[in-house]
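Each of the next two complexes has chain A plus one other chain: chain B in the first, chain C in the second.
Let's look at the complex of A and B:
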């Protein structure tokens, strides 16, 4: 159990008041809690202690939830190498867990743990105090075996924050459970999202989709011809943002400083070289390459991103929700390279590019694959209601 | 071959906001090192920039004051480079979508003709930290003071409309006046709230080509900007004449040697849109609200002074240069002082006296009420000009009114003909030689005799009456 946690809260749970009283929540050490070590999984932040609570932490505490500790994360939360996200929930040490989702990390971790994983719409949850890498794509994801818990957490943390001006000026969705009428709910299955699946994966995914049809939903195949561009755009825009975001880890004000440098250029090189792991370095190199050497490709990627957002909006105008696999292809479960890492997230990165919400449900049976559901931006409440509807049917069917 | 220069300026102006640009830290870079800092301006993990409304307002007023057009949409980019003065590896600056475009300033060129110098655009950016290099024994160390990191700046980028050092200096003087008018900055090159880089190239006179430019930095007065440009024009002209190629680089002005010297090339990184600072969208209503807050600008005010108060263009321009002086002047006129008297006494007596005492016009003890009271006594012949100057000195030192000072210290002018006549007779009796000179047709002897009588009165005699009486007596006796 201790191998799951990076830090355990020395205090014991108090019987507090509030909507989330009694809820046991794990976070990761890239979510700031004042006084807790937050190394974001990187030597660049070894021994760094948070000065302030992240807005999500502050709001959860005010709602009566108990933060039991932080679980081990990948370096700066990118990818899942060496991450133990999801395991605390799987082992029922925590009721829910907060995991940054920048490529699909929260959703993939949930799928691996056999629990629900939710990535809210971009802009719904404050970034203040989150130590991320890709500001325009990452958002705080929530893992739990109960969608009611996820809903409760979103109710508590979503909404405007005077500490985060980057949140768009939009009205906060009403998270009250909505009644789902399957016959009036159209679910589209993008054909292109399945292109990399192996035959076995395809069969499992087919069984998952069958569950939707059996539940009475109007399921139909839809097409998104530019699907492969989601990952390409994520690679370029995401790595460029990461290259800038990691610029602050320069060993001048905090972090580790490698000894022996003769001038500050050497100091940067030696300290950053010693601080970052191989995967992160590859990611940052890629971003620096596009920043410094292929800026026009970055500009193109931004334009394509805008087009993908518009196309996705059109698609989610035709159907109410989308159903997709969570992962596919012969991807390495413990990837070491950048390419392998991206391959792992081929089915999830789209939601980080567009900012739309996505929900992963565990498989209903052994033969099924975990199912990913997505909706248009700010359809978070409806998406959670859909997930809840399906889980209830499963219970009833048992 | 005769050359002409093509010059453009890049001017950084530090806005006098209460807080920094992206956090609530006090914008006082001069305080003890690293006292005005927080997780945001140190860019600790998890910090998020929060763009200051005051910075936007002060920058917008500055743009409007310079006639530039505020853009409906502007945004911050990350100017990427690594240097210890930059806490996050990039500087937030508006590289692609600036706050304002256009605008310009009319100056008088060397021949007194009006020349329009255009502004290309004005953008906002944050300042960086200050580096201090010291020795710790024999070990060189670099200290970083983050007080200045995140201070709000605007950068004014001009068109290459300038041809001479005179143009640059006149532009900077006018710019300083106008920015002070809108109240966005003190714009002092001496204390670093205005920093100027000049881009200079030369070409054969009469051609239209744009040649490779050289950037010159490190001037800390408007005079130095002129000197540095003059030096650089002559250096480049000689180089071109000698057949050398001008290469793109940056030079530093050395104020002691009065030369520009090449500096090591600084790495220029890319500019990427920042994902965290929201795009700034200005509505026409908001822009109009800013425009209403704009004070009467110097050129408009000078024009009004000429029309309304009958001053010359030069006098009006002098008074309008500093908004405090202009306001003081009008406060005197409102109190019934003739505009020319007000202008004259302000320019030749009060302002030099304030400057000599190292005071500020707005906060010094000779308020417009007191100064107007003094000038009224002068106009009413109650005191003469000598006495008025002395009373002014007393006004700086005592809280008494001018009337009380005149009364208590006996500055009242002697206009009583009887008393004056006795002094005049005395002068005529003792200065026979001067009287003879006068009679021999030497007019200046009269001035000497007036001076003698004035001296006898202890400076308090009314000079007009002395002159009348003296002339009458001299003419009567002859």
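Let's look at the complex of A and C:
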């Protein structure tokens, strides 16, 4: 059980004051908490102790939440290899858990743990103090069995932060629960998102969608012909950003220094070579290829991204929400290569490319698959209300 | 418009009022007064204000003029008018007049500028812009724009005038300008050569000249008698702030002359060059022997604009009770000091002890520093009690101490340590106490250098080069002591602590030259191997000759008082010996190296940056500075194959959309406040806490250069 955690808060749960008093939160070691070891799962940050609180951590603490520790993460939070995200919530050691979502990690971890996982809109939550890889795509995800908890956390952490210059000047949604009227709510199911599902997965997903119809929602199939390009754009843009972002791991300011280098170029080469795992190296190499060898591919990907964002905006203008599988196809649950890792995220990467919010709900019954709901950017409050509405129906409530 | 009729902006004056003129140049600045548009038009000669007014120009021209932007290249014709009283601009030479445009031609448009070119305000009293704050690498990257700035233009024009002065003056003295080759042979002496591979002779190299030394002596043997050249020279030396890999030196050599001839010639030339910068140099230049310079300033390029000369007080302490001094003297050491007159207010005990004695003097190589302050007729210090009354009285006499003076003494067994440390302290104190008068120039000839220096192996080596004539010829080449006492007939011209140039009278007698080589411990065979062709020339009646070389970049920089020599060079290299404009030095194609026979020379060495580039994995590993193990290599090969496929897909699917980098609207933000801020984490040292290697207050890294 202990092995879920990378670090445990030695203090016992202090009952703070505020809206989140009594809430027990786990983070991951790529979210800075002053004084805690924060290695982001990489030797490139070995023995690093956070100097400041991440803005999310600071705001949660101020709202009275208790941070019980950090759970093991994959290297720099990319993919789920060796990650223990979700297990603390599943085992009820923590009420909620914060997991960086750069490809769909928070949502996939939630689905695996059978809990709810929410990826907020890009630009809502400060990046300050988060140790990520893909600045234009990643955002802090929240896992919990209770959507009320997720909403409470978003309420506490979302909004402008003078320490994060990248946050846009947009008004923050009102996270107060909204009443959902199913008959006036259209839910689209993109056909292309299911194209890789096996027959069994397709059946499970169909049952999940049926739940929506039974709840009275206007469910209809919609089309997003260029769906496969989400993953391609993510691969190109994401890896270029990662290659660039990982430049800071230089074995000078933190990390481990490989001994014996005659000059600083050798020092970088050797230290970085020894610090990064093979999967991360693959990702960084792919990025370096687009960065240094085939820059036009990056430009092309940014053009495609513009089109995908616009097309998605049109689609979410036709329907209120989208319903999609969380994972599908014959993906390996323990991916070793970059390709296998990406295959896991075939149904989630779109939201990182577009910056739209996405919510994963656990299956209502054994025959169902976990369900992913998504809305247009900044529809976070409505999306959470939709999720809450569905969970209440399951409990037989109204 | 006919350019043949063009006149220059900066040459217009009140005398031209009423004239119709054709001007051409660049839009330096513009001011729109609704209807009236004022433009500063700039060409090489200066700036004149031109006016677009609906009264004198057609509506078409006024509309066209409204679209002009900074650095558009235009031609106009118009009428010169006297400016209205009160609107004259004292910032520019043509301030009393302006030109009312009747015709306009836009010759070429300009993109938005990376930095402002204009530095002349359009109205009296307004602050002028300027590129002083622009990062130097950006200036160098757009050097052609930088050169449009009047300050840079003036520097280059002044450099031209100085070079012209050199040519005219030397021509008037019978000197002939002769070019010597740039592709030449590598010589065993001196600094590192820049090498140029030969294609015709694979794996053989030319060297770029460090100076035309051998050629100019050969020209003397060739009977040209008086030669000069503004020669480009090259040295592959370590990076220093005010040094360029290539530089221009004025190279001079003359036959049948002596030192006095050269002193007179160079002094007259130097005076004329400095006069171009409005600097009046006193003549004759002072002369100081090397020994005196070392003894009194600790430097062979002394800055004599201020005092603070050393006084030797070794003998004062010959009987001292102060054990540190006694031990130093027992080991044959010396004690020298400086009297810093009237500065005891600025040099408190605290400053002297905690800054100078404890930090600064040790950083200059001294093991300790003794200080005394003169107060109430007595010398005060933390160790004054160790000295006898007699010693203190003699110190006061030697240094002519009066109240308010501060003495600092350096004692060490090594003369070199004493003079070096005290010399650096002398400069440090002069700078700190503001003792260096501004706009003063103190030229001095340093003479009588030692001919030889001792080597660690117990022999001698030439201080200058082995062709420098000694002050006497009757020495025994086996007598080490005698060799070390020989002086050379070399001389350096030093100004304000900087060496502007130097030279020597050369040996023209082959027997004497043999004796020098014998003293250096070189056999006949070795000398032939090293200097063969050159020595052979001396077998054919070499005339007595001598010469000198002046660093022209440094000289021009000093005349124009620019902060760096890069300000007086049109296209200099930056501090990393690179050219941000052209990207030199740069990688070359593998084929080029192959053609030169430089691939895999000797069949074993792999040239860095060549073979690696052939393998895309090694190349990416290098550019991303991520080492790859043998086991990881196949993984990365797959990654690259996949990435190629992705790139093809992206190309195929890319539409005409504008690329986006973020999905959220971009907000531009300015950090509040204008003062620089330092992170609290840096101040508390916390930033260093997780670093793998730290030294003092810094991150420690492997050496930047090998």
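FYI, the second predicted complex is superposed on the first by the 396 of 398 C-alpha atoms of A that agree within 3 Å, B and C clash if a C-alpha of one lies under 4 Å from a C-alpha of the other, contacts with A are read in each partner's own complex, and residues count from 1 in each chain.
Here is the rule we go by: a contact is a pair of C-beta atoms (placed from the backbone, for glycine too) under 8 Å apart; a residue touches a chain by one contact, two chains touch by 3 or more.
Quick caveat, the model's predicted, so the values are computed rather than measured.
Set against each other, chain B and chain C differ in how many residues of chain A they touch, and the higher count belongs to C.
In the superposed model, A:253 lies in contact with both chain B and chain C. Once the two complexes are overlaid on the shared chain, A:40 sits against chain B while remaining clear of chain C. Once the two complexes are laid over each other on the shared chain, residue contacts for A:54 go to chain B alone; chain C is not touched. With both structures placed on the common chain, the touch criterion links A:302 to chain B and to chain C. Once chain A of one complex is fitted onto chain A of the other, the partner contacts of A:337 are limited to chain C, with no touch recorded for chain B. In the superposition on chain A, A:127 makes contact with chain B only, while chain C stays out of contact range. Of the two partner chains placed by superposition, chain B and chain C are both touched by A:136.
Contacts of chain A with chain B, set against its contacts with chain C after fitting on chain A, overlap at residues 48, 51-52, 136, 165-166, 243, 252-254, 264-265, 268, 291-292, 302.
Those residues of chain A lying in contact with chain C across their complex are 47-49, 51-52, 122-123, 136, 165-170, 226, 229, 232-233, 235-236, 243, 251-257, 261-270, 272-274, 276, 278, 281-282, 284-286, 288-294, 296-297, 299-307, 309-310, 337-339, 353-355, 377. Chain B contributes residues 39, 42-46, 48-51, 78, 80, 82-84, 87-90, 142, 144, 269-270, 272-273, 275-278 to its touches with chain A in the complex. Every residue of chain C that touches chain A in the complex is listed here, in rising order: 616, 619-629, 632, 635-636, 638-640, 642-644, 646-647, 649-651, 653-667, 669, 681, 686-687, 689-693, 699, 701-706.
Looking at the complex, you find that chain A touches chain B at residues 32, 38, 40, 45, 48, 50-52, 54, 127-131, 135-136, 163-166, 240-241, 243-244, 246-248, 250, 252-254, 264-265, 268, 291-292, 295, 298, 302.
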